[in-house]
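Below, each structure is written out as C-alpha cells.
Next, two complexes with chain A in common: one pairs it with chain B, the other with chain C.
Right after this comes the complex of A and B.
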C-alpha cells in the first residue's frame, strides 16, 4: 500500500515535470512572436550551458559569487552567534534587544542596498557586507531563542552535581540549544545566498547575478536561461547539503 | 527590571546610537558618503517628502505592494488548501513547492523584467512570486496541525467536507496562516523593492538610485527611513488583523 502510494506520488511529480518540458518545447515550436522574446528553445539553452561550462565563464563567475557568499556567511555566523549568546545570558538583555532585532529584521534590508554600495563600492565587498548583515539577524535571533529557552532545572541540576562552566556549556547548553540555533544557521545560509545573488543582480561588476542581469540586458535569452539553470542546480545541491547536515546533527 | 524600566533603557539605547551617529557623521565621516540624523531630518521635508514626484513614487510602490500581497494571499491560500486537502496531493506537490521556494529568486529578476516589462507589472509579479510561497507553505502546515480528532468529531456529527473546512479547519489554521502572512508581507515588500531597484524607472527605485548616484546620502536615508516606517506600519496592520481573527480562542 505504502509502496504503491510512493509510486503514484513519483508518477505525478515526474508527470508534471514532463508536461512542463513538453509545453516548453511545443511553445517554442509554435513560433508565436511574443513568446520568442523570452522563451528560447530548450536545445538552445542546452547548447549555451555547454558553451558557458567550456569557456570557463561559469567557473570564474561562480568563484566570485561563492567566495562572496562564504565570506558573508562566516561573518554572519560568528557575529550572530556571539551577539546572540551574549544577549541570551541575561533575561534583561533579551527583553531589551530581542524586540529591536526582530523589528529590524521585519524591515526588508534591500532598501539599504544603495547605502551598502555607497559605503563599500560596487565590487564584491558591498555584496559581502549586505549578505552578512541580512544573514546576521536570523542567526542572532535564533541563537537568542535557543539559549534563553534552556530549562533552568537542567542548569541547576548540573550545577549541583558539580559541573564547571565549560561542562555546563558543553553538556547542557549545547545539546539544548543546538536544534534552534541550527535552524537559524540554515535560514541565515539561504538568506545569505539570496542576498548576495540579489545584490549582484542589482549592482556589481562580476559574479553569477551580474552575468544573469547582463544576459537579460543584451536579450540573450538562451544564456539567461542557462545561468538560471546553474543557480537552480546550485540551490538544489545546497538544499540537500543543508538537509544532510541537519539530519546528522539531529542524530547526535 | 520592570517592563517600563526595560522600555526606558531600550529607548535610551536607541537615542545613544543616534547621538553617536550624529557625532560620527559631523566630526569624522565624508559628507558625500554619510549624513547626520539632523541633516536627514532637515532633508526629509521639504526636499524629499515635499517633492510631489517622490510622493507619487512612494504611492506607486505601495500600490504595487498591496496588489502583490493581495494576490499572494488569495492564490497562496487557494493553492495551499487544494494541495493540503488530500494526503496524496500534499505528498506529491509539497516537495515541489518547497523546491521552488528554495530557489534564490533574485536570479529570476531579469527574466521577470523581460517578460512583464519595465512598468509596475514586473514589480507586482516579482513581489507575488516572493509572497506566495510563505502563504502556501504555512497554509499546508496549518492544515496538517489541525487535530484529526476534531475533524472526525465534526464528520461524525454530520458536517459536510465544506463545513469541516469552514468551522474546524479554518479557525485552527489562523496562527499558522498568519505567521505565513506576516512573512509574506515582508517577502512581498522585498520582491517589489528588488524589482524597483533593478528597473528604477517610475517608483521609489528611481529616487534611491538618483540619490545614491549623486552622492546625496541625507536624502537617500530620509527616503529609506520613510519606507522602513511604512513597512513597520504594514507589519503592525497584519498583526492587528491576526488579533481580530484569533479572538475566538480567548
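Right after this comes the complex of A and C.
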C-alpha cells in the first residue's frame, strides 16, 4: 500500500472517531433531562477518569482483572493443547471426544457461572475457573483439528526418509499443525478476556468488571463511562499484544 | 499381497505370484492398467507396506521396513514440506537419514543445479509451480545418494510438455550415477524412453505378463522417440496392455453393477 493511501485511511478512521465524540458532545448540550442522566458530558467523564487514575482505584482493579485473565489463559492453553494433542493421536479418541467437546462449546457456559461462584467463591478464583473453562474448548477443538489434519502424504514421505518419531513430531506434525492451533489460541484468548470481565460484572468483589457494574448500579454514569473507556483501552492493548505474538510465531 | 477388507468379501488380492530380479544400475519400469498393483509392488519393495507372503531383498538383505539409506522414494505428488524452504527440505531429507554433514548445503545446491533450480533454494514450495516442485522433489530423492530409487508416477501430475523435458533430464541425470531404479508409470512413451526393461503387468490381481528390454544406451535424446525401434517397442507394449485395460474396465463395470 502506498503511504498516501495509508494516510487517507487513517484520516477517515480518526474522522469517524472524532465525529462520534462530537455527536456525543452536541447531544449532551441539547439539555434533554433523560439524556443528561444516561449520557454525561464528555468533560465529566474525563474528570472521572482522572480521579480513578489518581486515586489508584484503576490500578488495583486492573491488577485483579489482568491477573485473573493471565491465570485463566495459561490454564486453558496448557489443558487445551495437552488434551487436544492426546485426543488427536487416535482416530477412535477423536470420534469419541470431538463431538462431545464441540457440543459443550455450543452450550452458553454463562448459565453455569453461578455454579462456578458456588464452587470457587466470590473472589477472583471463580472468574479464573470460568475463563479457563470457556477458553479451553476452542483451544482443544482447534488443536484436535490441527493435528488430525496433517496431510498423510507428508507423514509417509518422512517415514520413507527414515524420520524418527521425535523428528516426525518436530519437523512434520508441529509445523503442520501450527496455523490451526494458533487460530484456536487466538479465539481462546478473546473468549478468556470476555469471560473474566463478564464474570466480574455478574458476581465479584474486585476487578474492572465489578467496578463497572457497581457504577451502573449506583447510577454514577460518569464513572460508568470512565470504566468502560478503560475496558476499551485494555482490550485494544491486549489485541495488539496478541497480534504481535502471532506475527512473530508465524515468521518463525 | 492381499489387503484385508472390512469383511471377507471386500478382501482384495492385489498382487499374485510376482517374481522380479533387478540388476544393480538397471532402470525398470512397471507398466500396467490402473489398480493392477504397481504402486503396491513399489511400496513393498520400499518397505512401506509389508507383504502378506513372499520376500523382498536388496543386496541380499530382506526389506521389512523403510531403509532410507539404501532406498529413496519419490511420490506422485510433491512431498516437499510446505512449511520449510527448498533448501531446508534438502537438509531434512539428509537429517532424517542420519546424514549430518557440514557440507550439506553444497550437496543440496549441487542437486538443485543439476535440475536447474538453484535460484529457488530459499523459496517456499507454495511459491513454485507444480512442475518446479516435482523437479525439486526428484532432485531431493537423488541428493541423498541412495543406491535404489523408487519413483511412483512422479510425472503424473504434470502436463505433457513438462513431462517430456523432465523425462529427458532424468535420463541424463541418472546415466551418470548408476542408480538402480524402479519407476511406475501409465505412459507407454515414458516407459520406452526411460527404461532398460519394462515389466508389463496384468489386470488385478497383478501378475507379470511380460518383460520387454529396451536396448538403447543412456542418456537418451528425444530423437530416440522418432526411431523405428522406439515405435516397435511401443506398439508391442500397446498390444500387450490392450486386453488388460479392457479387462480392468469390464471388472469396474461389474463392480459398479453389483453395487447398484
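Going forward, the second predicted complex is superposed on the first by the 240 of 252 C-alpha atoms of A that agree within 3 Å, B and C clash if a C-alpha of one lies under 4 Å from a C-alpha of the other, contacts with A are read in each partner's own complex, and residues count from 1 in each chain.
Heads up, the rule we're going with is that contacts are C-beta pairs under 8 Å (C-beta built on N, C-alpha and C of every residue); 3 or more make two chains touch, one makes a residue touch a chain.
Quick caveat: nothing in here was measured; it's all calculated off a predicted structure.
Shared-chain residue A:236: touches chain B; no touch with chain C. In the overlay built on the shared chain, the residue A:99 is in contact with chain B alone; chain C does not reach it. Between chain B and chain C, B touches the greater number of residues of chain A. When the two complexes are overlaid on their common chain A, residue A:5 makes contact with chain B while staying clear of chain C. In the superposed model, A:215 makes contact with chain B only, not with chain C. Applying the stated contact rule after C-alpha superposition, one finds that A:112 touches chain B and leaves chain C untouched.
When both complexes are overlaid on chain A, the residue A:201 reaches chain B alone and has no touch with chain C. Of the two partner chains placed by the overlay, only chain B lies in contact with A:38; chain C stays clear of it. Contact with chain C, but none with chain B, is seen for A:171 once the two complexes are overlaid on the shared chain. In the superposition on chain A, A:159 contacts chain C only, with no contact to chain B.
Comparing which residues of chain A touch chain B with which touch chain C, the overlap is empty.
Residues of chain A that touch chain C in their complex: 153-154, 156-164, 167, 171-172, 175-176, 178.
Residues 46, 48, 66-69, 71-73, 75, 77, 79, 81, 83-84, 92-93, 95-98, 144 of chain C are the ones touching chain A in the complex.
On the side of chain B, the complex with chain A involves touching residues 1, 3, 6, 9-10, 13-14, 33-34, 88, 91-93, 95-96, 99, 102-111, 113-115, 182, 186, 189-190, 193-194, 197-198, 208-209, 211-212, 215, 217, 220-221, 224, 227-228, 231-232, 235.
Within the complex formed with chain B, the residues of chain A that make contact are 5, 8-9, 12-13, 16, 37-38, 92, 95-97, 99-100, 103, 106-108, 110-115, 117-119, 190, 193-195, 197-198, 201-202, 208-209, 212-213, 215-217, 219, 221, 224-225, 227-228, 231-232, 235-236, 239.
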